[in-house]
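Look at the two complexes coming up: subunit A is in both, with subunit B in one and subunit C in the other.
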Partner chain A sequence: MPDNSISNPKKRLSLRKQDERIAWLLLAPSLLVIILVTVWPIIYSFILSFFVAPIGINQIRTFVWLQNYIGIFKDPAFWETINRTLYFTVASVTLNLILGLAIAQLIHSHPWGWKFIRFSLIIPWAVPTIVNGAMWRWIYNGDFGALNGALMQFGFIKHYVPWLTLPSLAMPLVILADTWHTMPLIALILQAALAGIPEELDEAAAVDGANAWQRFWKIRLPLLRPALLVALIIRTVEAFRVFDIVYIITSGGPASSTITMTFLTYLYSFPYGKQGTGAALSFIISVVIMLLALVYIRLLYRPEEN
Partner chain B sequence: MKNYRKIFRKLILFLFTVPVILFIYSPIIWLFLASLSTQVELFSIPPHWIPQHPTFQNYLDIFFPSQAASSVPRTFAVSLLNSIKIASTVTVICIVLGSLAAYALVRIPFKYNRHIQISILATRMIPEISLILPLFIVASSLRLINKPILLVITYLSFSLPYAIWLMVAFFQTVPIELEEAARLDGCSRLGILFRVVMPISIPGLISTTMFIFLVAWDEFFFALIFTSTLAAKTAPVAIAEFVGRFAVNITGMMAGGFLAAVPPVLVALIFQRYIVSGLTAGSVKG
Partner chain C sequence: MNKMVRIFMWVLSLILILALVGCAPKQTEVVTIHVLTMDQAGLKSAEIDQIARDFEAQNPDIKVVMEYVGYDYVHDKIVLGMAANPPAYDAAMVDVIWPDEFIKASYLLDVTNRVTPDMKSGMFPASWNGITRNGKVYGMPWLMDVKYFMYNTEILQKAGIKAPPTTWEELVDQANTIKQKDLAEFPISWSWNQKEGVVCDFTVLLFGNGGSFLDASGKPAFNDEKGVQALTWMKQTIDDGLTNPSSIASDEMAVEADFLAGKSAFAVNWLFQYSDSNDATKSQIAGKVAFAPMPVFAAGASAGIKGASVDGSSAFAIMATTPYADQTWKFLSYLASNEVQIKYSAEMLPVWQTDFEGEALNTLLASNPNNSVTVPAFLGQFPYANERPTVPYYNEASAALQLAIQEALTGVKTPQAALDEAAAKWIELAGK
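Entry: the complex of A and B
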């Protein structure tokens, strides 16, 4: 009888044990890879952050206790970098969420060509980050760029502006370029969430005399809260660790005005050759990311799901 | 009266639609037009928006380089090929290892199941910069720098947790009754995975394949640090080099950029209906 195994408690127990063995067997290759390429490097990074050593193979390392961390916290450039990273993160996430929500709502209102917008959003999302950066770098180019060309033809400027050499403008321009690439994902997530809201709710509110504005703020927005929170955290993590687009558009310039945390860590780790400081900075980044991850996990695995 | 209001509403909405479409398309169209231009046309003030003498020379330089072409376009085709090889290998490994792990996490209850799920979710968020120094030190002493295999291994650090996470979400949607029926018929765990769960999860597998290919194709930081020769240099690194050392070759950079954007954009457009399911499964679970 095939269902013997289920009715017989003794056999069921052994089946459970067998199951557990199978589970570990199936997980083993993945866990091994993950431990090798993420868990172990983080631990090793933490150890490296207590040493001073030039970059390279078999260099002699000197144990310096917390010297690297003290050096970092005493350096005003570090605090400027923290401020800059916060500026990038807050501005980029805000812009992403507002634009993403607006576009999601626009698609949801089904204007002419709403399917075309939804289709089009996939393109900037799929364009590689480096291609996106190279493209915008050329658009912003001070001598021949498209931004200058267009603004001049419409009569907004009389002379070409060297956009990326202006410290106050470089960061906003990087954020705009980054938004073109990252916002579509947020718009698509929020649009899917909007489509999942039962239409009866909206119709009932309309019958009760709520106008479109009220229906958006009082009905759709509260129901979008879970999706918005997830989008917020995903974008915050991504923005906090931004590197590629900064590297390609400004390389941290002009006058360090676009050096973010990851970029500073990269500079210490490789071009400056200060491995210990690089490791300490990277560990600080890991801690911040892990804190954000904790918030995210709390959101996804709510107690009632257990 | 009601009809007027409807048309008025449509017109207002259209006023918002146009700038959105323009914002999405103008940079990418300009990238394409610039790649068809000659340097002379591109460097005119204001620029010739539509090139008067469109040319495919920039693309020809990449695929059929003449002796006159500078070294960057000449080597770009090789880096594109590297990108294809590396991204595909990473994708295959992720699907094979990831589906086994995800199945165990979804369907087999064991002591540390939840802890492992949460740890995998957390490792997915760790930035590459936090891993780079130890990986660099070990790779140097094992003489793996400039080898494609190093990029494949290190890319698993972000792609494998991502793949497991996506597949966990997809496997959860497979009705457990189906599996129970198969078990009663005497099907083993692995048999269930390959004969019941995988076939039903094909849309999820396609979606995962696409996402992993895209993130592997997009990767820049590891490739920047780990490769400097043609043996393993990927397309993003090659494009960054157009910008850095050969700032004059803007049209070549635009052609290279367009070529590097074609595979991911095509993949995303072909499988677009799987994107939203992937997004909702992978990120908006709560």
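Entry: the complex of A and C
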């Protein structure tokens, strides 16, 4: 019997179109849910950002065009918050990458117990962020905290220190708590990428006289670039949007020294009841994150390496 | 089996099924109401759950689902809950500082016509003031609370102090004595973290110095000389090592933890701290706690200020869009009923002024060992409860003041500069 699908192009297209139609039909319910739950709220928030929208039932919403955005940009507190958030992001991502890479390299070298190390990385990552925040708040507690206890035991301090009351230290401590929780993901991504690099490249370089640092810098790191890009983008987005760990450990204090962009968005949207301003802030966050992602892609993405 | 027999069997089955369904007892519709409250001051969650179960036993057509969160989360959960229709909660605890905002947002049901004459005349007028605006009532009184001054009798005795302080200046002297005798590293504990608690404590001190939040024309007055003195005093007690520096990151629960562990000699807190302090399973100072009238500043006393504290009362309000207003009001009426309030008066004194008179007072005093102490303390302190401003933008205004106080306490700004900035923000908010 002749193969109609090859000899009859019209029938081949029709079958393909039928497949596409069936595919769209099967995808339609999921797409509908995604549009309703994700796309529509984003569009609605964007529209809301051009209104003065107080919380409440049947409240009058006044169209103010860009006034919400202008008001935000004119507020010195906004710029302080952006600085703080960038500080958190840069510090957290840098620590994540350095520690994550170091641990990935450690696991990759297969020391004794490397499987246990890799398994135990899951634990900090698996702890819910709220639980993580509550745990670290107790560790940092000025009267009963484990940090004070340990430092006193080793003789580093003579008196307990109220860590979370010091504006200069509160943010670094939150960054540390966040790094403990998020670094394992980076370590695992990079370790998986390291495992994919052929050993022969390393061996050949060693034969040619390259030392360990040269092999790492010239061979492994360039080949890790795609994984690094993924890790950077994931962590940067998460770090810039940080909220829950700040909410639990410091609630933005002391003296607002740990208020980040998302926390500010939360304050305007709920305690202050100004949903238009909250929506505008959330879009500013989105734009900044997109710009950061574009910068990374520009700097790190090399299609030919893929 | 032939076709006729099969048809017959189907028809017979259908008749039997219909007959069985018809004989089934008719189900009464049970309405479930959801109520949100705090798990902090006032009654404990286990006690409120028991009240709900007792109510359900008397009202089998109503099921009550309680939800408990820390005080600092209640406001946001109400706002979130009201975004749904029907709302996530049929009733919620409303703090004394929220009604103006929530009434403006049309969140609260007007229950003026549901309030009985007995309720109106039997409960303290002050308990209705918190949820009454322009003659309309928006809730059921629940908790009348004020900040109290408590002290550790054993520490004072060991320090040779014969009586608790009557002024804040005396408190400093006594705290110094206690510290010098190594009886407490930090004799005083406060809830000065960047939340509403710090504004409550500032209210106590501000009014105790003869100050106020607003002047006669409605403009901010807390940044005047009296307010700056109060804030300067707060900072000084930290710098002098008398106030626990952790107070800058502490809430009322942390103050209680310090006090119950015997680490502080003086603590300013809500009533719940007293019953917990006498619970030997939680407290290391059971039986060693006493109330004293809240001190005032010497300047305030000279100006005739006899007492100063802060009103922290709350009510239960019905959410405006609930489909179960009748059932919810029934539950709230039970919750606030005399019999329930007397039964659980160890944790929360009744809002019924009739319970504080004549034979009813004896019943109240006898209903719990703590009441012989807490009732006089309440009657002595509540008349001096001061209100925070009742404005719809209070949350944002309070946030500005919280930041100012924290900036002063951490040394980021001087008290004057910090309070001036907060005052400017209040003027901006009032103008919008």
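Methods note: the second predicted complex is superposed on the first by the 281 of 306 C-alpha atoms of A that agree within 3 Å, B and C clash if a C-alpha of one lies under 4 Å from a C-alpha of the other, contacts with A are read in each partner's own complex, and residues count from 1 in each chain.
Methods note: contacts are C-beta pairs under 8 Å (C-beta built on N, C-alpha and C of every residue); 3 or more make two chains touch, one makes a residue touch a chain.
Everything numeric in this text was worked out from a predicted model, so none of it was measured.
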Q: Please work out whether A:A210 is in contact with subunit B alone, subunit C alone, both, or neither, and reply first, second, both or neither.
A: neither
Q. Which partner does A:G142 contact after superposing on A: first (subunit B), second (subunit C), both, neither?
A. second
(Q) Going by the contact rule set out at the top, does A:I82 touch subunit B (first), subunit C (second), both, or neither? (A) neither
Q. Which partner does A:V64 reach: the first (subunit B), the second (subunit C), both, or neither?
A. neither
Q: State whether A:L169 touches subunit B only (first), subunit C only (second), both chains, or neither.
A: neither
Q) When both complexes are superposed, which of subunit B and subunit C contacts more residues belonging to subunit A? A) B
Q) What is the contact status of A:P271 with respect to subunit B (first) and subunit C (second): first, second, both, or neither? A) second
Q) After superposition on the shared chain, which partner residues are touched by A:A255: those of subunit B (first), subunit C (second), both, or neither? A) second
Q: Go through the superposed model and pick first if A:A91 touches only subunit B, second if only subunit C, both, or neither.
A: neither
Q: Residue by residue on subunit A, keep only those touching subunit B in one complex and subunit C in the other, then list them.
A: 55-58, 143-144, 270
**Q.** Touching residues (chain side subunit A, partner subunit C) in the complex
**A.** 54-59, 141-144, 162, 164-167, 250-256, 267, 270-273
Q | Of all residues in subunit C, those that touch subunit A in their complex | A | 72, 75-76, 79-80, 82, 101, 104-107, 193-195, 244-249, 254, 257-258, 263, 320-321, 393, 395-396, 399, 403, 406-407, 409-410, 412
**Q.** subunit B residues touching subunit A - in the complex, by the definition given at the top
**A.** 10, 13-14, 16-17, 20-21, 23-25, 27-28, 30-31, 34, 42-47, 49, 97-98, 100-101, 103-105, 108-111, 113-114, 116, 118, 120-123, 125-137, 140-141, 153-154, 156-157, 160-161, 164, 184-186, 189-190, 214, 217-218, 220-221, 224-225, 235-236, 239-240, 242-243, 250, 253-254, 257-258, 260-261, 264-265, 267-269, 272, 275-276, 279-280, 283-286
Q) For subunit A, which residues count as touching subunit B in their complex? A) 2-3, 6, 19-20, 22-24, 26-27, 29-31, 33-34, 37-42, 44-45, 48, 55-58, 102-103, 106, 109, 111-114, 116-117, 119-131, 134-139, 143-144, 146, 148-150, 152-153, 160, 180, 184-185, 188-189, 192-193, 226-227, 229-231, 234, 237, 241, 243-244, 247-248, 262, 265-266, 269-270, 275, 278-279, 282-283, 285-286, 289-290, 292-294, 296-297, 299-302
